[in-house]
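Dropping the structure in here first, questions after.
So that you can tell them apart, the chains are marked A, B, C and D in the order they are listed, and the count of residues begins at 1 in each.
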Amino acid sequence: MIEGKQTAGRGPLLTFGMIGGGTGSFIGDVHRKAAVFDGKSQMAAGCFSRSWETTLETGRQLGLPEDRLYKDFTEMAVKEAEREDGIDFVVIATPNYAHYKAAKVFLENGIHVVCDKPVTQRVEEAEELAQLAAEKDLLFAVTYSYSQCPMVRHAREMVRRGDIGDIRVVVAEYSQGWLAEELEKTGQRQAAWRTDPDMAGISNCTGDIGSHIEHTVSYITGLEIDSLCARLDAFGEDRPLDTNSHVMLKFTNGAVGNYWASQVAVGRDNSLIVRIYGTKGGIEWEQEAQNYLKVAMVDGPVQILSRGNGYVYPEGAEWSRLPSGHPEGLYESFANTYNTFLTALAKKLAGEPLTDKDLDFPNIHDGVRGVRYVHKCVESSQKDSSWLKF
Amino acid sequence: MIEGKQTAGRGPLLTFGMIGGGTGSFIGDVHRKAAVFDGKSQMAAGCFSRSWETTLETGRQLGLPEDRLYKDFTEMAVKEAEREDGIDFVVIATPNYAHYKAAKVFLENGIHVVCDKPVTQRVEEAEELAQLAAEKDLLFAVTYSYSQCPMVRHAREMVRRGDIGDIRVVVAEYSQGWLAEELEKTGQRQAAWRTDPDMAGISNCTGDIGSHIEHTVSYITGLEIDSLCARLDAFGEDRPLDTNSHVMLKFTNGAVGNYWASQVAVGRDNSLIVRIYGTKGGIEWEQEAQNYLKVAMVDGPVQILSRGNGYVYPEGAEWSRLPSGHPEGLYESFANTYNTFLTALAKKLAGEPLTDKDLDFPNIHDGVRGVRYVHKCVESSQKDSSWLKF
Amino acid sequence: MIEGKQTAGRGPLLTFGMIGGGTGSFIGDVHRKAAVFDGKSQMAAGCFSRSWETTLETGRQLGLPEDRLYKDFTEMAVKEAEREDGIDFVVIATPNYAHYKAAKVFLENGIHVVCDKPVTQRVEEAEELAQLAAEKDLLFAVTYSYSQCPMVRHAREMVRRGDIGDIRVVVAEYSQGWLAEELEKTGQRQAAWRTDPDMAGISNCTGDIGSHIEHTVSYITGLEIDSLCARLDAFGEDRPLDTNSHVMLKFTNGAVGNYWASQVAVGRDNSLIVRIYGTKGGIEWEQEAQNYLKVAMVDGPVQILSRGNGYVYPEGAEWSRLPSGHPEGLYESFANTYNTFLTALAKKLAGEPLTDKDLDFPNIHDGVRGVRYVHKCVESSQKDSSWLKF
Amino acid sequence: MIEGKQTAGRGPLLTFGMIGGGTGSFIGDVHRKAAVFDGKSQMAAGCFSRSWETTLETGRQLGLPEDRLYKDFTEMAVKEAEREDGIDFVVIATPNYAHYKAAKVFLENGIHVVCDKPVTQRVEEAEELAQLAAEKDLLFAVTYSYSQCPMVRHAREMVRRGDIGDIRVVVAEYSQGWLAEELEKTGQRQAAWRTDPDMAGISNCTGDIGSHIEHTVSYITGLEIDSLCARLDAFGEDRPLDTNSHVMLKFTNGAVGNYWASQVAVGRDNSLIVRIYGTKGGIEWEQEAQNYLKVAMVDGPVQILSRGNGYVYPEGAEWSRLPSGHPEGLYESFANTYNTFLTALAKKLAGEPLTDKDLDFPNIHDGVRGVRYVHKCVESSQKDSSWLKF
C-alpha cells in the first residue's frame, strides 16, 4: 500500500524473493500471483534467470529496486539473510536442475523455502534438504498444488472418515498431447528443458506429471506404495527422456493400482484424473473440472458434488473461495498452498506453536517421496520393467 | 509488490478506492483480487459499508491507512478528488441500489469508475451516467465479466469473421437453484438483498443474472434486440421480486431467441449457457466450463475447442493466461476486465490516444442496455407478457 | 419363430398390417422391428406405398404373400376385416398427410390402430378419430416413443410420488441441425416431405419434433397447458413451413415454461432435453443419453441415475430390458410402446378387463392434444405471437 | 409370416437352435432378439437349460414345437443334423463351462456355430474348435459384439487409413461396480456363475470383461501383443476368482499399453473405454456412449463424431441403422454380428464364394486369442506378475 512493509490487520506482510521465473516463464508468474493472492505476502527480491539482463528486466517490470536483484542465488541467499528487512522466504521456480542447490543455500542461510516439484533430481538430495530443513527448523513447501483444490481435500476427508471403506483399487492418469511432435526442436522453451536430461534430470514425463499422480493419490488416500513395476517410453524422435509411462502398483494395505502419464496422448490437454474405489464407495476427480467430484456409494447413483455447496465437508469447504458454479482454477489452487504456508510462517515468526493443521501443505517429505517415485519408475523400466520394492 | 506503491516498468501503479465490499461480501473480494491481479493497480481508499465499524475493520484487514477510509462515498469522492495522491478510479461493488448515486458523485468529481451490474436501478439513471462520463471524458467499466473469458472472445471473433454465417437462433440461459427455498428468511446476506426491492430494484433474477445473458449474447453476436416478450415469476413464498424469467426475443436482423433465467432450478449452480446458431455453424459456451467452446460447422462433427491451444484466434488467445488444460476461473475473467480497463486508463492518464481495442471492455453503454433489458422484461411481464419494442 | 405364425405360451401371435414404410423409409423399419421385438406379434399384410411396385418389392423382402399386399389402404381395411385370419391391428407409418384417412378407415372396419405422430393434420380430425375409437371400442396407440424409455417413466413416477414437490418451471427443447441447409432440394426424402405442406400439414418443425416436447413434458409432469405464445420461423430458402419454434407457456397449476424446437441448430443431432424444476427437486433427461436421468434435491448434489440399477422405481424398472450400462436405444423405446399396446390388445381380444396400467401407452387423446399444440403454436405465431388459451 | 419356413425376397429364413438362455437369462434373450433382428433367421430348436422343465417352459414361451426341444445338447446336435429341416446354425449362450463341449459336438455334426465369449475355458480347447471348424468348413462367430458398433468400425477404418499414424499407446478399461459386495451370496444368478470356477473357468473378471478389452483393442488397432504382465485380485470375501485386473502390455510394433478390468469399481456400470494414441492423432470410444467417437488430430481440437452423420466412413456407416442422434444400443451391436454372420452363411449355403468382407465378424480365431489372453494374465499374476511372452 505504502512504502516498504505495511501493517495489515494481522501485522506486516511477509516478504519473499524468487529464483527463476524470468519474463516468459509460465510457472514463475503463477507462483508470483499465487503468493500474493490473499494479501499476506509481497515480493521483495529476485534472481529470475541465469541471464542478468533477464533478471534486471523482470525486476524492473515487477517494480523491484535494483539492490534486491541478484546475479546468482547464492549471493542472494547470503545478502538477504544479512539484511534486517531480508526476505522471509524464497520461491524456487526454476527448471528442476537448480532446485536442490538453490533450496540448500537458502536453508543454510536460515530462509524458509517454497519449491516447485520434483523437488530435486536425486533422492539423496531431497533427503538432504529434508534433513537440513529439520535441523534449521525451517518450513519447506513443495507446490504440488493440484491436491490443494477444495474438492480434492473433500475427497481426502471422505477417505479419512471411512466413507468409501477400505481402498481396493486406484486408477490414475495424467495425460497430455503437447509433445506428440518434437516441439522442443522448434525452440519452444517449456518443451526444450523438459526433454533435456541436464535440465530435467532422469525423467521428463514421469517426473513432470507422473509425480503429480503419485502425490495426488497419496494425498487423498494416505496409501503407501509397497512395490511397483514401470514401463517408460521416449516416444518421439531423438528423445533421451520418457514421454509416456505406465506403472503398476501394489500398496501396503493390499490395494492395487495403475498410473499412466503421457505427453503424447493427442487430444488431451492436462488431464489429471484420479479414481479411487473402496469397499463402500468410489470417488473420481478430474483436474480439468476441478470444482466437481464424482462420488458413488454401493448401490447408489453417481453423485456430482460441486464446490461451494453446503454438503461439502468443512475440510474442503474452508479452501473454497467462490460460490458454487463460479469456477476456481489453477491460480487459486496454487494460492491455497501459499495461503496455508504463509499462515503457518506468520505464526512461526510470531513464535506461536504450529498444529498439524497449520502445517497441512505439501512439504519436503512429499517432495522426497515424489523423487523416490520417479527414480523407482526409471529403475524398474531399465530393469525390463521388473517389480521393485518402494 | 503488487500491494506496494512503487514504480513498475511502466511507471507508478494506478490506485483505486472501493465502495461496498466490506468483510463478508462475495463480490467485493473478487473485485479486489481482480483489480490487482496483473500488478497494475493497488487499493488506496475505501468506504466499504454503511457501517463505519465495518469499513474500519475491512480497511484494517486490507492494510489501508485510516485517513483513506470514509464514512460515506460522497465525502470520499470529494476528498480523494482533492488529494494530490487521490485515487485514479473507484470500484463500486455495493448492492444495486447504491450504484447510481455512487457512480454519479465520483464522475462529478472527475474520477473514473468501475461499477458492478446492473449499473443502475432505472434506465434514466444509467443514461445520465453515460452522459456524465462522456461530458467528463471519464472511463466507465461495467463488470459483466463472463464475456471476458478467452473462449467467449474467440466466439465473438468467430461471429465477426463470419465463421458461422448469419445468425438465426440464439438460445441462452442462466440457471441457479439456490433460491428454491426462502434462503432470505435465514438471514443469508446474498439472498436478503437480492430479494428486497429497496436494495435490488424492480427485479431480482432478471436483473442479477438475466442481465448477464443479455450482455453475453450481445457481446458475442452484436445482435440488436428488436422486441421482446417476457414472463417473470416470483416463485417462493412472500417474494416481491422475480426468481424466474422466460423471455422470447426478435432481433433486428431477423434472428429469434429465448432467454431463461432462474434461481429456482434445483441442481443448477451457476449455469450460464449461450448457444448461437448461424447459417454455417453453431457455437455453444457454458460458463461453468469456461475454458472450452463447442463449435460445429454444417455437416461437420462437434468440436471442443480448449483455451490455450494454437487454434484459438488471437483475439481470444491474448486473454489467455495459462496453458491448455490448466483451468482459469472467475477471478481471471474479472481480472481480464480490469486489465483492459487499467491499460486504457494508464494510456489515458499518460495522454496517449485510445483505440477501439484499448476500450474493449464492457462499458456504461453496455450498462445502459442491460438496465433497459431488465426494465423491458418487467414491463412486458406486467402487461400480460405482451411484446414490447426494445 | 418371432416371424412365424405359431402358438407361443400365451397363444397365437397377434398379426398386423402396415400402411407406409416402404423400402427406404426410416420409421417404417423401426415400427416393424419394434412391433415384433418381444415376440408378441407378426406382420401379415401391407400397403407400403402409393407405388404398387414399392409395395410389392417391400412385401417380397419381408416375406409377405402377395394376397396380403394392397394397392390402397381402404381396400386393405375392408379385405382384412373380412378375412377370418385378418390382421388384429394396423400400423400407420406414412408421412403425416395420410394418417387421418388411413386411421379412420381401419377404425371403421373394426381394426385397432397404432399411428405415428402427429396423429392428424387438423385438430378436428384427431378428435373425430378419438370419438370413433371410443364408439368402436378399439385401441389406438400413438407412437410418442421417447416417453416410453424406462428413465422417463422413472421421472414420471418421481413427479407422481411428489419427490420434486410442486412443479414451477419446465424448460424443454428438441434441437436438430440437419435442415440448416436446404436438404430438401437435393431430393433427400425425409427432408422433402417434412418441408412440404401437402405432406406435412401446417407445420414442419413444431409438428415433427415440437410435438415430442409437448408429449414428453405432459407425460412426465401431467401438467395442463393454460396458454401459450409462439414464434415460428421458416429459416432456409423458399421454405413454406417452420424450421424453428420458440414457445412460452403457462400451465394451469401456475408453472411456466418454454419449449424450443429447431432443425437449424447446427451441431445438434436429435437433442430432446426435458428439464423440470419443482419446489423440492429438479430432474433433467436427454434423449441422446436416454439410459440416464439427472436428479437433484434441494441442497443435495446432482445425481446421475442409470437405468438398470436397483434404485430405479419399479414403474421405470419394469420397462428396462438390459443390465445397467448396457445401452438401450430407440428401437427398445418403440418396442416398449408396442409391448404395452400388444399386451393390452391380447387381453382385450381374450375378453379380459383392461386396467389403467394395461392402457398406459400414448394414445389418441395424447394424439389430439399434440395436434392441438401444433395448431395453437401456428395460430399464435400468425397472430404476432400473441398469447392464446389452450 | 406363414407356416413353416417362408420365402423372403432372398429365399427362406435361416434357422437356428439355442443352447442355454433359459427363462431369466440375460444374454440368451439378447442373442434371440439379435439373431432375428434383421429378419434373416428364426429359432427352430433349443436346449435352454440343464433342467428339462426350464427348457420346456422356455420353448413353450417361445412357441417352439416340443419335438425341437432337447434334454441335452448332444442329442440336439445329432437329431438336428439328421433332420431335413434341421437348424442351420446353433447359438451357444450358456455360462462359459459348456461352450467347448457344445461347440464341439455341433461342429462335429456339421452345424455352424455362434458362441458367446470367452469361447472356451482352455486355450487348447479353443484351438481345437478352430481346427475343427476349418476341417469341417463351418462358420464360427464369437459374439464380441461391442466391436460391431458402427463407431468402433469407423475407428478401425481410421487406423487402417493411417489417420492417426503409428500407434504408440493404448489405454483401455472395462469397469463395473456390481460385485463390490458379495452379490453371489444372495443367489443372484449372474454373480453366482461368474464367481464359480466350475462355471467360469480360471478367471471371472479378466475372462468376462477383460477379454472384451483385448478384443476391442485388437479389432480397432490390429496390434499384436508381444508380452504382458498382469496383476489379478479377488477383492471380496471368499472369492476364488479375480474381480479386478491390471495388465501392462507391449505390442510387437513397439506400442505400449495398459488394460484395467474391474467389477469392484463402485459407481461404474459397464464402462468399456478404449483410448488409442498415434503419431498423428488420438481416438477414444466409450461403450456407454457407443454412438459417439472422440477424435483429435495433432494441434486440432477434440471432435465428437456422431453415428449417422455424413462424415462417418462407409466402413462404419454401413453398420448404422438409425439417423444421427437416435441411439442404437446393445441389441443393435449384437444384431450387427448376427447380420454379418447370417449374410455370410446364406451365401455359403447358396454355394457362393465368401470374401474377407463377408467374413468380417468376430470369429473363432478372435476367440482363441481371447482365451490365450485370459490365460496369460492368470499365469503372469500367479508368477508374481512377471512378464510373459504372448
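As a convention for this text, contacts are C-beta pairs under 8 Å (C-beta built on N, C-alpha and C of every residue); 3 or more make two chains touch, one makes a residue touch a chain.
As the structure is a computational prediction, the values presented were derived from the model and not from experiment.
Trainee: Between chain C and chain B, is it the same set of residue numbers doing the touching on each side, over half shared, or a different set?
Mentor: Same, since most residue numbers here occur in both copies.
Trainee: Using C-alpha centroids, which chain lies at the maximum separation from chain B?
Mentor: D
Trainee: What is the distance, in whole Å, between the centres of chain B and chain C, each centre taken as the mean of its C-alpha atoms?
Mentor: 44
Trainee: Per the centroid of Cα atoms for each chain, what is the distance between chain A and chain C, given in Å?
Mentor: Roughly 55 Å separates the two chain centres.
Trainee: Give me the residues of chain D that touch two or more other chains.
Mentor: 268, 295, 302, 306, 309
Trainee: Quick check on the complex: what are the chain A residues that touch chain B?
Mentor: 1-4, 6-10, 13, 26, 29-30, 33, 36-37, 39, 42-44, 57, 60-64, 176, 178, 190, 268-271, 287-291, 306, 308-309, 321-332
Trainee: Under the definition above, what is the set of chain A residues touching chain D in their complex?
Mentor: Touching chain D: residues 164, 168-169, 171, 173, 177, 180-181, 229, 231, 233, 235, 244, 246, 248, 250, 256-258, 260, 262, 264-268, 275, 277-282, 284, 294-298, 302, 384-387 of chain A.
Trainee: Which residues, counting only chain B, touch chain D once they are in their complex?
Mentor: 295, 299-306, 309-311
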